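These notes open a run of structures that come right after.
Same chain, two partners: subunit A is paired with subunit B first, then with subunit C.
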Partner chain A sequence: MPVKWLLYWQPNAGQVSSQTLVDVMKSIESINGVRLGRWQVTASNHRPIQRDQSMPLPPEAARELLGLTFSEVPSKHYFVLRGEHMVVETHSNMQNIMEKLQLYRNRLTIFFEGYQYQLGDFQVKAGRAVLAHSENLRGIILEVEYVPVSSIEQTRVLLQEFVDLVQEVVAGQNMLGRFIHLEPNYSDYNLQDQYGWQHTALQYITLMVYFMSSQRS
Partner chain B sequence: MQQPSPALSSPSTGFFGPKVSPLFGSPMEQTSDGGVAVSSTDILRPSTALSRPPLDQEQQAPPKKLAEAMEGLQRAHRQIADIRSGADLLLESLEIAVNRRVREIPGKKASDGVTAAVESMKKALDALRATGRELDNSGILRGAQQRYDENQPWGLQPPSVCPDGHVTPYAWKRQIAAQAAASAVERTRLALKSFGEQKKHLFLGVGDERRAKKLRAAGQGSAEDGSLVDVLRRIQTDAAGMVVTPYPRLEWAKRTSCVNISKAGTEPAQSLAYLTSQAGSSTASAGLDSHSRPIERVAVLEVSLPGVLRVIISVQPTGSSYPDAVAVYSPDENGGYVHPWGKSVHKLHQRISEHGVNALHYFRRSSRSTSLELLLHWIYTYRSLFLEPCKECKRLTALDAPSDLLLPPLVRLYHHLTLPQARSGNGKISTELAPYHVGCIPKKELECAV
Partner chain C sequence: MECVVQGILETQYVDALEVLLQGLCGGIRETLKVHEFYLKSGSNMGAVNSEVTLCCSLSGPQPVWTVRHVGGPMRGAASEQLPALVRSVFEADISNSGLRFMYALGYKLDYEILRTGFSFCFQKVVPITVKVSCICRLPKLHAIDEAVPVTPTLHLVEVFAPASADNYAEVVAAISSFAEFLAPLLHLSKPGAFTGVVATASTAASSLISRAALK
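What follows is the complex of A and B.
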């Protein structure tokens, strides 16, 4: 699977606005990016339901389930368990099962959505992160991927140079700020050098957690 | 004055009625009518000509148009009947007028009845003219006129019996079927021809094994066999980390057709199997074996630089060490298009493939016997494709202006590549070639290129 890097926009001053996304898309189109279509990722945070407050949760139950669905693989659902250091891939029926079992409740959901562009062997997804049901903009994100190679180590320098190039173009459009790459610790979660959907899931969840914590501060 | 025969003054729904079929079923009835029928065949004839088309066109006209046409024709029938009865009326009134003139009945002018009859006659004729114009505009009369001219105004064409005994209701249907069959035969012939050409291209050398065997039997002996094995063996020691796996051609086709080729993995043990079997049989007596040894069936080499590239080389004729074609792919690609003459999906690999083909031709021209080994060494220098920046511009990626692509340095100049000569046991010998971007190649290197 092609290696992906997830970046978020850090403005120099003030809050992110939707105008940033428009500028980002314009700058991608200025370097002859070809628009391919829309994309969406749904990330949700589940907490266990405790009917009886006095009884503690069983020790092996997860305190927090962070679930993800990608629009490109609708048949799969991913869970990241931070406490247990695991990334789990399940069938998309899992959501139905969880609703019926009533063991976990969905506390909040973030939608990452936007447009996808192709620049030669690179593919770029530009989008925004919004909170479900409130259209509250949490951030602007950019996902860059290099299609031919699957090895994370091999593409590190290449992707870094590409991100620098994008920064230059974006700065040329008079946008003040920069894109930051939050790289999760893959080996912590037992993930190999060969990139896969689990790595992507981990990157998105890390970003979601970051957005939630930055909102509170 | 002719007396209108009572048999003809039928109610308008009878003789000419809305049902068209009696007319077809009984052409004899019309001609057997009496005198008036003869004189009014001018009226009869157009009506039959009018009434014939709908049946033929039933298969063609859409239902609404057909309904309108039928309705128009029925109106025409009624109007013609009106005209006929109007003609009768006219004759009657003329008779009455003559009688009245003779008898001098006061209070009634003789010509009243006549004018009334004339009026109704004129009205009917106008209406008929209008209907006729309407039908003409709707286009159903065209075929009728044609058929009338062809002098077959009534009756279906008799069913045609073809020479093979098949009975078709319409002769033209048979023609169309014959044309369809002819084009199907033509299409099959063209498909067979193109398949034959593709077979020659894709399964190149499938029939060549016999030819190669003959060459070997003619006295060139096991020298050629040995060289491929030697090359494979040398590469394993010289180029650590690069895995070369040989395949017979059909095996390769089977491998690319399975879904997850990268999971299948490349096993060094497989290439060893070819080496040991050869070593075992080299001590056996020379002479033709009843079936070819495994090394002789090797036609495709898969060279894998883990995480970076996969290169597929075709060897021709099978079992020898003359490379024939080379193509570069990503390690994840699998599918029927992954073969030595195919093209990768990614632009980067397409460029490297082109470069590789140039290198292959250069090696074949300059030193034929060691061309495979040179090619493999050249591929081995690509393990730094994504890691080492270009020697000229010191960056890893560069924008390739004409195609607007960001590419890593994919050029490795092959002109001065030599095989490592000294093998005095001092460890790995590495031949490194400087990487360049396509646009960064220094001029003097280009000049000494052949």
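What follows is the complex of A and C.
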């Protein structure tokens, strides 16, 4: 699977707005990015259900369960346990099982959604992160991938150069800010150099957590 | 949802059942070797007590992990009249860290077994699967190499098929008519309704084995 980098827009001042996404898409189209279609990633944060509030939860039970679904692979669902450093890939049916088990309660859901572009061997997804139900904008994101190679280390320089190019194009549109790559430590989660959907799940969860914590601060 | 019936067969007649199933199916026999973990939710964890099974199939080159949740049987007077049990079942493949994940959700190991045997799949009205298995207990934690049959003289035979709220009556009928083919060797009934072994098994098995030898 091609290596993906997930980046978020950091404005020089103030907040991000929906116009930022429009400007980013214009920038990509200005370098002949071919729009392919829409995409969506659904990320959810769950907390354990404590049957009796006066009694503690089992100490080994994860206090937070993060779930992820990609529109590109609807048959799969991903879970991330940050405290346990675990990324798990399951069939999408696991969501039905979790509903039956009634162990965890959904606390909040974020949609990452936007348009996908092709630029030669690179694919770019530009999108926004919004809270489900309220449509409250949490951030603007860019996912870049270099299609021919699956090794994280082998693509590092190439992807960095491509991101630098995008930064220049965006700056040329008079956008004040830059894209920041928030790379998780894959080895902490026992994920290898060969890139896969579990790596992507971890990147989106890391960004979700970042958006939620920056909102609080 | 799934419809299911099951029965027991004396181990000495398993070869005969295999001949019969091969004849009925004409398809591929699949080897079963599954390490099954029966898990119970931790105290105070979740809105209700829950149980779930984690299965690790060891019959292929790589282990395949699956989470299986079996819901309660369909209730009501009409369902009691049905010759097969209809119940909700959800299955989901999970990556290799499945057991660690389930423990991290607060589950505890209740017990574990090793299931060995074979299965056949038949395409009738719906795909019907027959599993013939020997259930083995593990004397030590996860020690599948030391597995010991719980009932060495008996095998468990399960016949099941996927169903939906719209077609379960049709699926039950298909399973029921299929069970008649196996009737000379074993009784199939709803899980929990023990019907024992059949008196004709010995004669039927001899006949099947001798016919198979002639081919």
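Keep this in mind: the second predicted complex is superposed on the first by the 217 of 217 C-alpha atoms of A that agree within 3 Å, B and C clash if a C-alpha of one lies under 4 Å from a C-alpha of the other, contacts with A are read in each partner's own complex, and residues count from 1 in each chain.
In the analysis below, contacts are C-beta pairs under 8 Å (C-beta built on N, C-alpha and C of every residue); 3 or more make two chains touch, one makes a residue touch a chain.
Fair warning: this is a prediction, and the values are worked out from it, not measured in the lab.
The superposed arrangement places subunit B and subunit C next to each other on subunit A without a clash. In the superposed pair of complexes, A:K100 makes contact with subunit C only, with no contact to subunit B.
By the touch criterion defined above, A:L119 reaches subunit B but does not reach subunit C.
Once the two complexes are overlaid on the shared chain, A:T90 sits against subunit C while remaining clear of subunit B.
Contact with subunit C, but none with subunit B, is seen for A:E60 once the two complexes are overlaid on the shared chain.
Of the two partner chains, neither subunit B nor subunit C is touched by A:S214. Of the two partner chains, subunit B is the only one that A:V147 touches; subunit C does not reach it. Look at A:T155: by the touch rule set out above, it reaches subunit B but stays clear of subunit C. Of the two partner chains, subunit B is the only one that A:N32 touches; subunit C does not reach it. The superposition places the C-alpha centres of subunit B and subunit C at an angle of 70 degrees about the C-alpha centre of subunit A, rounded in steps of 10. Comparing subunit B with subunit C, more residues of subunit A are touched by C.
Across the superposed structures, the minimum distance from subunit B to subunit C, using CA atoms, reads 11 Å. Counting contacts as defined above, no subunit A residue meets subunit B in one complex and subunit C in the other. Subunit A contributes residues 1, 32, 119-122, 147-151, 153-155, 157-158, 161-162, 165, 193 to its touches with subunit B in the complex.
Touching subunit A in their complex are the following residues of subunit B: 307-308, 330-332, 346-349, 386-387, 389, 395-397, 403-408.
If you check the complex, the residues on subunit C that touch subunit A are 41-48, 50, 52, 67, 69, 71, 90-95, 97-98, 100-101, 103-106. Subunit A meets subunit C in the complex at residues 48-52, 55-58, 60-62, 65, 77, 79, 81, 84, 86, 88-94, 96-97, 100-104, 198.
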